[in-house]
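Comments concern the structure below.
The chains carry the letters A, B and C, assigned in the order they are written, with residues numbered from 1 in each.
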């Protein structure tokens, strides 16, 4: 039983990290109606920038803070560049064109990031405690083994989610973002500055990407495969619904836990490697029977 | 393009509906066929065949196939790599398990297997659209990847998981030299292009385009979505499956499952986008462009005298691809095909502006 | 001109107690009316009265929550849109539903889809039956193009045409299937007087020459009074009038709800 809980917990915590990446998607989708395939590339780019800056600035007086500030600045510039060069020219095109454009951004960012910073694997260490501890010793015999990193990640992610949820629901800008996501032209006609909004959104998404990148990066090292995490986030979004912050969280947890559990318990019967596609097949099932996910909105077409 | 038609009046519907109703186009195509079948084999060297012509031709076949699905029928698919894999592995299995079968038949059977898989991939399209469908096809792509790496029956239980094959042999005629391989691929491409052109201008093509433009209206005039969408998936994956078989047997010679992964899917999609959605010629232009670009980028530093590592070149490639995708989507969604069309028109009148 | 001596056939379409609601919004409440074969029936009413929804129910796009539609003797509650097409119902839309990426010719040719039966292989090779059918149906489509006087734009992609011409092409596509029942949703919206006269003439000719039964939604009262044999008036999803143009013109309820001052 203890083992089950261990696997479950490790899965849930992996799920939290998926949620973090998925959050970036949800933000952009909620606010601009675009599915940003480049989110993963943004995670990688942010993490790369941060880790390399840390290295370059390691002898300055506040390396972590400085690197953070510069990285954030770069993400802001990235958001502005994307808005100017990609979103504006494509403003009236159907969603699928925008999706393919973000595919282009992803490729570009991949190449650009590695041109700028090189393509080795970099370890990222900003003081997140490593190692494992035993928890819940009173409930389970011998306790359950959890990685400290994962705990920290969960806490940070949780805080981020709560902040973003409040931001969207309660603030004026949050409302404006939701209006924009609904109808670009209508939002413009009531005076919402589209371009400004988009820069904000993509910057926030970039910041979320940075947090995700730092956490994942200190776990796995900053390397190219980080951008593949985007592909993992897609099933999370399908399960949770593209527009729902809560959905991203719950979806991530389900996928994370589901992956780990199915790998351990079903994996041996089919030769292993289930992790690779479990998330996607679950997503496929949802797509067929409940495309809007658990918390998404249903779209009705009027003829 | 109307002034190209100036002076050419058709007196029967049959003439107006021919594949190349405009006289200049017919000459054009004849020239290309002549160049392709006669001039190139005389002039090209082995490297050019292996590195340029053969991959371009096979990829053009795949791109035309994907264009039928994405460009003409409007169904987004990110699973073309999987279709090529199915075509390759199915052809392989047919060939080794039924040795009496003609390899060309095996290729066609590979294509048919891809068709079956394609129809399965297409079932989600009956309920979902746009990038939801793209994600669904991604799911199936990953699943297919896994199937071919994990289930050993497909690879005939080779320990390494990769397969190596002999050059294709048909009735004693062995396609081992680059020229023979090239001619084989070219013939296949020409035949399939004709089929594609015929389908596109007929009832099925119109059904596809109607479904792409407004599927609710299409259904109301009697075009059943299930028929239009699944037929698009079926035909498209047949093309791509055969391309996959050719790619594996004629171009690669030996391969492992990763050769057909999602990067291949993206490449083919890029060919379709850059080449031009909804255009047969576009598939060919896109394939040429995407295949030549890495080669060009590899040579560029040498010509310019700059020293660049191969890793650097590959990063540049990514950046240029990404940038071009965005450029084409924003500036010329109809891709190279449209640019080519405009160029042809301008050339007719050069040096006059209009 | 409505000629009251015209030969009208038996009832071809009957709506019985149709009710339709979207969530809390009641689009149609207990609507019943009849359409006789070869008749021109107009459905009028203020915006939001449920007119388009009624057409959608006839067409199979919406399924009513209650009531049934009887078409050519067959009672049915649920019908798929393409089934409606196979049974000879065609329609046009308020917001033009043409295939923007195709030419006028191709758009109208799609209307012939149900009459084309060539096999897949024949289409691949464009031989035999496939080729003959293309030519045959092209002839028919050209007749429609002549009828609607749009010869000069037959190869133009419809997305480039002005609104009035697009409406005409849409009518052409509907006519291409040689329908028994033609549903027209505001066919004259956005047209000037000349265009309206042309359209009215086309509609009358279609009804005259081919005997097509026509149900149309229209806001221009002049057109409605001139063209239709009978009028059904809807308001807030309910039927408030049903009769000849003369009767409707004098119907107090209709006047109060919709027509304003009686003339």
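Simple rule for what comes next: a residue touches a chain if its C-beta (ideal position, glycine included) is under 8 Å from a C-beta of that chain, and two chains touch if they have at least 3 such contacts.
Computed from a prediction, not measured in an experiment: that's the story for all the values here.
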Sort the chain pairs by how many C-beta pairs are in contact and tell me the top one.
-> A-B
Using the mean of all protein Cα atoms as the middle point, what chain has its own Cα mean nearest that point?
-> B
Of all other chains, the one whose Cα centre sits farthest from chain C | A
Distance between chain centroids, defined by C-alpha means - chain A, chain B (Å) = 33
Roughly how far is chain B from chain C, going centre to centre by Cα mean, in whole Å?
-> 42
Rounded to the nearest Å, the gap between Cα centres of chain A and chain C is 50
Can you tell me which residues of chain B touch two or more of the remaining chains?
-> 216-217
Can you list the chain C residues in contact with two or more other chains?
-> 61, 93, 97
Which chain A residues sit where two or more other chains touch them?
-> 303
Within their complex, chain A touches chain B through residues 35, 85-86, 89-90, 93-97, 99-101, 103-112, 114-115, 119, 231, 234-235, 238, 270-273, 276-277, 280-281, 283-284, 287-288, 291, 301, 303
Interfacial residue positions of chain C with respect to chain B in the complex | 59, 61, 80-82, 84-86, 90-91, 93, 97-102, 106, 109-111, 113-114, 116, 118, 120, 123-126, 130-131, 133-135, 138-139, 142, 173-174, 177
Chain B - residues contacting chain A, complex = 76, 123-124, 127-128, 130-132, 134-136, 138-140, 142-143, 145-146, 149-151, 216-217, 262, 266, 269, 273, 311-312, 314-326, 329-331, 333
Contact set on chain B toward chain C in their complex | 13-14, 16-17, 19, 195, 198-199, 201-204, 206-207, 209-210, 212-214, 216-224, 231, 278
